[in-house]
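To keep things simple, chains are lettered A, B, C and D as they appear, and every chain counts its residues starting from 1.
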């Protein structure tokens, strides 16, 4: 397929590279153009502007937040005005449910197709083809882009015919990861203040009841107070908790754990920790307990 | 080894049976004597009173709470006054850190040995030799009872020389399980109120990021609103959250997630749910959101 | 002064009437024009559209929320495009800090003056000239409209030169009232479930430590489970808590009490209570405790 | 009346002095005997031990916590074994509901009378006869000691025939005060981080909606970050929140605001603030927000 790829951050670069490996014809665009060079070396074409990346069957966007999507998609010269009728926009960004719905409406009005396909995984997973992808949209549209999704991730879950449902599920997943980090942070503050070794404790947990990789990955960062370099920045983690709470508010669902996470992130950001890995919220309980 | 076993509830019966299978000589005692019959058929002797179960090298107790331990161990005619010098008491009950320390002190004063060995696992795991055991106490004491622990569980973690540390870790583990249930409850209220299928959602979660069995076990109960029969009653789950909070208070550690769990349990108990499985707290978010 | 008044809800009608009593020349406008009749009988002129209410020295708006203000002020034919240079817009609505700042910027660009003047008080207080007013804006602008503020309220506090600060303080005040309601709700659930009389309890509280009228007013509604008719609807109270949390988020301040209030409102709204008085959140603790 | 008074801390000394001023015959006892001297100079007799303070019609105790009451009342040589039949024990201490019930039972068994009479007010209020007193117990017992209560406080509220109800109400009152402190702390963190003056803000609040003295007293301490000297120590405030939560737990009532207070106190104590005034919890929100 002839596809465009917009947004070559740490996630997007790995995803675009995997599309090239799968022999798709990929035209890449990034606001700061230097990021295109490594992909061009791997066979991509570089687009001079957004429109130039929208001339194929499909354009994939992987952007930081609602504001970036608004600018890239909705502005004049953006995706909406550049994409051909019946061509498909696949939005992999983690954005708000409301923005996803706005995109769906705008594409429908422009007689274009739209699939929301947010992903689970950090940059190394993106590079290594280990992402999990949540796809939602009209059945025929999802089917048409499935080869692209397969090229980017290890497995794709088709979750709904409404694109924004994929974004809701993605946000709920990041909420669940946040809960793992906070619960481990509290538990480690407790046993740590009693004088027990946090790494041995984590090893016991992850070899018994809590075998999921998220416990190992984030637990290790919390047990060793190692929050740099950031795989996923706290400022972005905060954004996702906010979006989960916003979606919950719209549905009139209260989520007290999410409120605790929100407060942890706010305290972390207020103390200058926005660039740390988001697992740094797991340090909050230790700080409150005046642990060294 | 010649051992006594006191407390033949659903957990204790399975554990004692496994000791018999490992060819230990086991004398069993239970407050309501009918429960001894199945074990006697498997080769155990029945003791007429607590003291009669304390004549061997070691006595194991598996009781419901601090009050039961107080009565069985500390009262005249109880374990302390019945056990021989240098014999060992292995306490597998999930009790408070403070009570475990009191037991340690009382046994030391009586020149007896004491090992705290709380377990992770539900009754079926006890029967099937799948328990995980956390052992703490003086090194020589733990070593001496290791064959018994091996006979009861699939793996034993020696966590500290201070018995009460095993109880603290056990309580922290139940707190972490509680967090899994509450976080799933909130996430499922969110996606459920948006009209998405909770079981499909859970299947996606447990085949991607949240592969640990606790997510499957409890998630399934929450996704299907099935809280009977109780593997572990809400009233007991509440007790453990209380004990975790009490231990945290003693150490001056605040645990906001634990406070949320406490409130969920209180609301559940107030509405008559004490006998439901403790995963019923995962229904709280749905109730608050008026989900049918 | 020749003034326009836009927004004749229960609050605005009382405020406009007091301006007439103070012998100001008042032109009133309301989206549903029937509401102008009583004020016309008191001496007001009725404007056919927003622009017609903007021909004097000053226009006062008293609207329900950000969206209404956006429509009335920012749209073509709205206040910004209708008001003369150097004329002043006094915004009494309880709106977001961000919207207040947008208004300030838009008026500055249009060479108009802007004063934020949100009020404390329910409709009866508005009618009886008992409002407290928080005024913020450039000193000369505030001074110029002070006679109008004096005509509408019993006392005006000039709080800052930045208009949005008045809105921030107003939102913080509604947050504090919400805390009174929730704290009373929890205390009454506690003593009520012990069998004590809630009204006698409230009488004791309000004649000793908690003599402020807010304790009497809202405490009485909570003690007697009387949430209709609504002096201030729960849906509006929820809006204000949201706006306080949004402002706090912008400033990176965590407010755990505000999060509890938010969850109470969400549960109340999910159960259909949006039209009840906002003190109905004080019923939440009793519901959780299964109090009849 | 011939009365004994046990517990001459900052509260008890003022209360005993007021009994002397009202011409009662007072025998005082304190664990550290130096504290009796000022009262002896005012006309009191000093007792050499607890029993010697229990020979009159009534003995009043004003002690720090459950443990002190346990020791003074329940031990051999304590109040129970020393008081004559039909004599009355008036317990003014802020203790747990459970302990108050234990005292009631023990006195009933010993054919003695018991009145719980906890007080609202700080040491200066005790000295100046400004306390509010909550009395509970059998009607005839309460009536018989009313002259003593009138001598110690400005007003007495008879709240129930069950002594422990007075303790429950007292604890609920301290909870409500704690909520005032936390809510002001959050509001001041919010407006303070926006650059507004906290003292001017407090002056506005306390001259409009929040006129109760508790807002002025504690608000001023929070606005100026002045938590020394302590009128009521944070360690004692924490005790009362714990006892309120314990009583609520017994009644299966969840109190999310109380949980927030508990966490604030734990963080304060962990950071060495136990001897500060309890209003120092109002500093927590500012610390989380990294306000200087």
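Everything that follows uses one rule, which is that a contact is a pair of C-beta atoms (placed from the backbone, for glycine too) under 8 Å apart; a residue touches a chain by one contact, two chains touch by 3 or more.
Just so you know, these numbers come straight off a predicted model, no measurement behind them.
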Does the chain A and chain B pair touch with the same residues on each side or with different residues, judged by whether over half of the numbers are shared? same
Chain pair showing more contacts of the two, A-C and B-C: A-C
Averaging only over C-alpha atoms, locate the centres of chain B and chain C and give their separation in whole Å. 53
Centroid of chain A to centroid of chain C, CA atoms only: how many Å? 39
Touching at least two other chains at once: which residues of chain B meet that condition? 248, 252-256, 260, 263, 266-267, 270, 288-290
Taking touching chains as linked, do they make an open path (line), a single closed cycle (ring), a hub with spokes (star), an all-linked set (complete), or other? complete
Going by the contact rule set out above, which residues of chain B touch chain C in the complex? 256, 263, 266-267, 270-272, 288-290
In their complex, what parts of chain C are in touch with chain D? 120, 132, 134, 155, 157, 159-160, 165, 168-169, 172-173, 175-177, 179-180, 182-184, 186-187, 189-191, 193-194, 196, 200-201, 204-205, 207-215, 244, 247-248, 251-258, 260, 263, 285, 288-290
Given the complex with chain C, which residues does chain A contribute to the contact? 242, 248-249, 252-256, 259-260, 262-263, 266-267, 269-270
